[in-house]
Amino acid sequence: MSKPLFPALSLFIAATGGRHMTRPAYVAVAIGIMVMILLTVDPAYEAAHRWVDAVLWACLAFFVFEWVVRLRHAVRSQRGLAYTLSFQGLVDTVAAAAIPLALVLGANPKSAWLFGVVWVLKLVPGIPGLRQLRRVLVVESGPLLSVLVIFLMVVFLSSVAEYFLERDVQPATFGSVPAALWWAVVTMTTTGYGDVVPITPLGRIVSALVMISGLGVFGLWTGILATGFAAETRRDNFLKTWETVSKVPFFATLGPAAIADVTHMLRTMDLPARTMIIRKGQHGDCMYFIADGEVEVDLPGKKVSLGEGAFFGEMALLGNNLRSANITTTRMSRLLVLDLVDFRLLMARHPDLAETIDTEAKRRALENK
Amino acid sequence: MSKPLFPALSLFIAATGGRHMTRPAYVAVAIGIMVMILLTVDPAYEAAHRWVDAVLWACLAFFVFEWVVRLRHAVRSQRGLAYTLSFQGLVDTVAAAAIPLALVLGANPKSAWLFGVVWVLKLVPGIPGLRQLRRVLVVESGPLLSVLVIFLMVVFLSSVAEYFLERDVQPATFGSVPAALWWAVVTMTTTGYGDVVPITPLGRIVSALVMISGLGVFGLWTGILATGFAAETRRDNFLKTWETVSKVPFFATLGPAAIADVTHMLRTMDLPARTMIIRKGQHGDCMYFIADGEVEVDLPGKKVSLGEGAFFGEMALLGNNLRSANITTTRMSRLLVLDLVDFRLLMARHPDLAETIDTEAKRRALENK
Amino acid sequence: MSKPLFPALSLFIAATGGRHMTRPAYVAVAIGIMVMILLTVDPAYEAAHRWVDAVLWACLAFFVFEWVVRLRHAVRSQRGLAYTLSFQGLVDTVAAAAIPLALVLGANPKSAWLFGVVWVLKLVPGIPGLRQLRRVLVVESGPLLSVLVIFLMVVFLSSVAEYFLERDVQPATFGSVPAALWWAVVTMTTTGYGDVVPITPLGRIVSALVMISGLGVFGLWTGILATGFAAETRRDNFLKTWETVSKVPFFATLGPAAIADVTHMLRTMDLPARTMIIRKGQHGDCMYFIADGEVEVDLPGKKVSLGEGAFFGEMALLGNNLRSANITTTRMSRLLVLDLVDFRLLMARHPDLAETIDTEAKRRALENK
Amino acid sequence: MSKPLFPALSLFIAATGGRHMTRPAYVAVAIGIMVMILLTVDPAYEAAHRWVDAVLWACLAFFVFEWVVRLRHAVRSQRGLAYTLSFQGLVDTVAAAAIPLALVLGANPKSAWLFGVVWVLKLVPGIPGLRQLRRVLVVESGPLLSVLVIFLMVVFLSSVAEYFLERDVQPATFGSVPAALWWAVVTMTTTGYGDVVPITPLGRIVSALVMISGLGVFGLWTGILATGFAAETRRDNFLKTWETVSKVPFFATLGPAAIADVTHMLRTMDLPARTMIIRKGQHGDCMYFIADGEVEVDLPGKKVSLGEGAFFGEMALLGNNLRSANITTTRMSRLLVLDLVDFRLLMARHPDLAETIDTEAKRRALENK
């Protein structure tokens, strides 16, 4: 609609509209939350209330601006409703609208600004491993829920028992089951505030059992999460290797079964820094993919570095088995090795691979002439 | 005996008799427990004691009804004693009979209704992963018991040491070994209420050692459970794959050794959404089982979805190796792949499989004509 | 020396001398410890001091008797010194001699009897999984020690920092570094008694960091133990399988390399109850070992049960590949399967196995005639 | 520069300059820290302030000496700047210079000596498994950071909620968001000092949720670390095996791909003590590496022990397949076995290995003549 006045602003609007967290957005979240916390410290607020108010209004203005830009961008690309109902859309809306609304409805400013804590949720899409953690929680949701139900069951049963045992001795703290429930949660999680403590012998025995159950429940919980996390890590590694493999030109045309085959046939090899992998003139019998680290190819006249995701030595699989350059690791590296023997087995299984290789070998032979 | 008045009631009685938790039963447990808790909160009870009493009596009536229906059902199918002595039977009996019995024996109504917390145990058979958790606890019971014995040993030794060190300084809290035992359990589980705290230098050193032992014991406990859980998950996955495999028509007649072979030969393959697995007209060299996710078969004129447990591409193993339709994942899916090469190895090992396959291939060839 | 008066006593002395924990010994430990605890509860002791004293003296007499019997037994079999210096010997000595010695040296009887807690250590040799736990601790001692050093380092650094920050505000609780060390251990293990709590803003920030480090240290600790435990379990399973395999007659003469080969070639197979494994008259191609569970052999005229460690179907490997009986699991069982194909590979690798098999096959053929 | 007066001093200076922790340095750290702690205990210091001061000055002098020696050594070998900026260099500088500087700048001696706690950091380079732990933290930094962000998010959101719910009831403890943040960290780490405890029903429900989230976060944390540690252990074992393999003369000339192949082909074999591995005169078909434990070679006239990292039976791979001596384990040992069959497969893959072996076999045949 309006042509932006400055190119930088235009770029910034484009970045914000693309729903990325921009650098100013991170700064606004950090400063906004910190100043909101300051607002609740009476002496600090009295000393600098003008500054505090000014910064908070500025942050709010920024988030309203961000919300409007994203909403306009989403509406233009026909995804207005999808954005509004997405997690990010809801957070953006609440972050921009909750405080003004509370102020308009007559809330105490000090309470209204507390909604500023919602700004912290803007960081969620930027957390790197969140998708992985969520998958673990989804995959292991069955056992985790079972443990939660066991947890709640122990909490209920023990709190009624404790209420029965302690209500006459300590009516102030164990005078009702809800009070005993509070004790049970505090004890079972091994938090142990100490504000509600059983004093009768039987009450203490029940309490000891609850603490030990707490450790047991926690151990199960951790065990389940550890198992899920290990499986997820293996899966991620497989997908990552797959991605590396499917980027190699002459594997790109294969079907997923063949790529999975290649992925399974790759052997992982951890090499220390400064290890020579390929020596010029040697007979080659395998190709390498770099999963992690870096290697240096010692070409005549110059040195070329290859990083993560690169591959080398593939000519060995195409019939040309005299290595043409020295290749050395520059630091601790993890390589994936595909052996000629495995590769030929692969060709027997997937005849279309053989054709692809032939074509590629001819092309390279022409290229190298 | 009596013909039920309404069909819905008849259905409900059948469901209850079949010993499933019905939806009304879940509601009754939730409301019953909540109102029982309310009963112990004096102001709430005084404000609404009629309602509270009415709801409690209604819940109790429901559980008595449930008990009677199940008992009648069990007796009719000659399993009366088995039901009564099962966990569920005992819980049903206590849930129905304990409160009336307590009231008849002259207990204070407020105490008698506390037995209502037993209703929460009715949820146990409905917990999804409970069987799995129980197996882990059974399999790892040896090491877990050892850790428990070590735990108790540290508790005993440290509480006697602490009693010896602190009894003169704090006779009120460390005046006897049972009191010191309470301190030891609270400390060793890292609950730390703070009601009993050593103050002598030596007492504090003993206490620090107990805390560190607590972490160690807890770490062992968690490590054991994590190991057990990982093994149990692998076992469950194997059994699940086995079940999927044994449903495939031409594997159904094989013995367990051959099915185990197939199960071990399957390769797992995680595919992103919208990946084409089979392209019409290509040469096929493997069959697929869907472990998780969904694929879409693009048949002429319609699209067919295949879900978890289904299999496709099996014609490739029967000699017909031209794929007859496009098949694509609709979402992130986990497939199990059985390669033609592995399948032939399998046939060499299990000659009866070869015969089955021949028969099947002939049948299909006729069918497709 | 002296011929025992009663055969039961003679048996009991032999069992005790063999250094096993006898049933009376378990009872004596349990009662002794419980009564020793009772001794420290003043009202209980005053009410029943005769009984308490009598039981304690009886327990002590039993442990003195046990010590004398074991010592005599050890001396007779020339292992007197080895026994005295072993863990059990030391515990036996202290359990028998410490209390009389303390009383003779003039200690208060109430304090002297506290040594009775040493009796609990008599249970140590009876803990089932202790050897396994010890191996884990030994194997992972390097990383565990590193974590302990990190733990102590954080404790030292944070307690000096906290002492510096809090000493002027709370001289009573943070008045010296040892007092701050107590705070640091209580906080880092997340015990949190609450008797020593920082109140300055900076002190609280340091404290928050210590708590989070505590979780980190604990997580590392648990992770190390879980890894070690998983490795130990795999190792135990391998050794157990090995033992099963080496009991099979025609493997017994092989060297360890061949047995290790067999062990690696075995495939694990979990079967549900009532699954038919072998059908009479079928072609057999594998033999089975029972790792866990039970199978039933349906012989003409009778049913034979085979339990853990047994094997069957071995004739299939000896050339006789027509199964001679139906074999079915009676409950959830874990079988180890050795395929004919793998077995022949094994024979190619180990020529001496081939000879053994030939001899065995001839012997069985004669036997079955 | 100066010729040292005594040889012992000269040796000590060389060891210190080589940047190792010498035994006197460990003693100085231990004594220095302990006396520094004593300094802060008023009664102890008053009783022995001359001794305390003397010991502290002696320790300081030792560390200044150590710093000077190392600096001189580094400057001489042209690494002066690298040393000064390394972790050890910085610790050495602070350990030597901080206290004198503080005293010169007029700080209270009791405060100045607190810098002595930095001496504890001198132990860091000596911690055995630290490099391994650091690698785990680096590799898993992504998920660990995600969990930390989730932790902080729950802390922020819950502390604002709790401040809102409790500020009117408990203005002294929940009077500002920073105070509520303190509560949130203490609760979420399940430390639970009990100095700040919610008392309103809603506040307690929020608190219970925070405690359960704490367990969840902690479980994730532990699960991630356990997974990372298991992977790191596998990696370490592979590298260790690799190192063992690459020390064998006739593997030394192979490229890394072949060594990795050998490493993967090795089978692990755990043997009990006193098991005969090789019998003189038998046909040999494999060679062995000792990963852990010890074996005894029964040569004519003497017995030779081989320990971790040694190998034997390699002649079997070179064509000489009659074993020439009995070899027995002396204790529980872990051997790595390389089979002749696998070895021949290896030779097919790596033709240069075949040549090496031929040469070696001829050389040995000559040698044995």
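Residue numbering begins at 1 within each chain, and the chains themselves are lettered A, B, C and D in the order written.
Please note the rule applied: a contact is a pair of C-beta atoms (placed from the backbone, for glycine too) under 8 Å apart; a residue touches a chain by one contact, two chains touch by 3 or more.
Since the structure is predicted, the reported quantities are computational estimates derived from the model, not experimental observations.
S.K.: Which chains make contact with subunit B and with subunit D at once?
M.R.: Chains in contact with subunit B as well as subunit D: A, C.
S.K.: Taking a step as a move to a touching chain, how many steps at least join subunit C to subunit D?
M.R.: Shortest path length, in steps: 1.
S.K.: Please name the chain that ends up farthest from subunit C once chain centres are defined by their CA atoms averaged.
M.R.: Relative to subunit C, the chain with the farthest C-alpha centre is A.
S.K.: Could you say what rotation angle superposes subunit B on its sequence twin subunit C, using C-alpha positions and rounding to the nearest 5°?
M.R.: The best-fit rotation has an angle of 90 degrees.
S.K.: Any idea how many Å lie between the Cα centroids of subunit A and subunit D?
M.R.: Measuring from centre to centre gives 28 Å for this pair.
S.K.: Take the average of all CA coordinates in subunit A, do the same for subunit C, and state the distance between these two points in whole angstrom.
M.R.: Result: the chain centres lie 39 Å from each other.
S.K.: Of all residues in subunit B, which are in touch with two or more distinct other chains?
M.R.: Touching at least two other chains: 178, 190-194, 218, 222-224, 226-227, 230.
S.K.: Which residues, counting only subunit C, touch subunit B once they are in their complex?
M.R.: Touching subunit B: residues 33, 36-37, 40-42, 111, 114, 117, 120-121, 123-124, 127-130, 132-133, 136, 151, 178, 182, 185-186, 189-195, 218, 221-222, 224-230, 233, 267, 269-271, 275-279, 282-283, 285-286, 337, 339-341 of subunit C.
S.K.: Going by the contact rule at the top, pick out the subunit C residues touching subunit D in the complex.
M.R.: 142-143, 145-147, 149-150, 153, 156-157, 160, 163-164, 175-178, 181, 187, 190-194, 197, 201, 204, 208, 211-212, 214-216, 218-220, 222-224, 226-227, 230-231, 235, 238-239, 255-257, 260-261, 264, 348-352
S.K.: Spell out the residues on subunit D that touch subunit B in their complex, using ranges where they run on.
M.R.: The contact residues of subunit D facing subunit B are 190-194, 222-223, 226.
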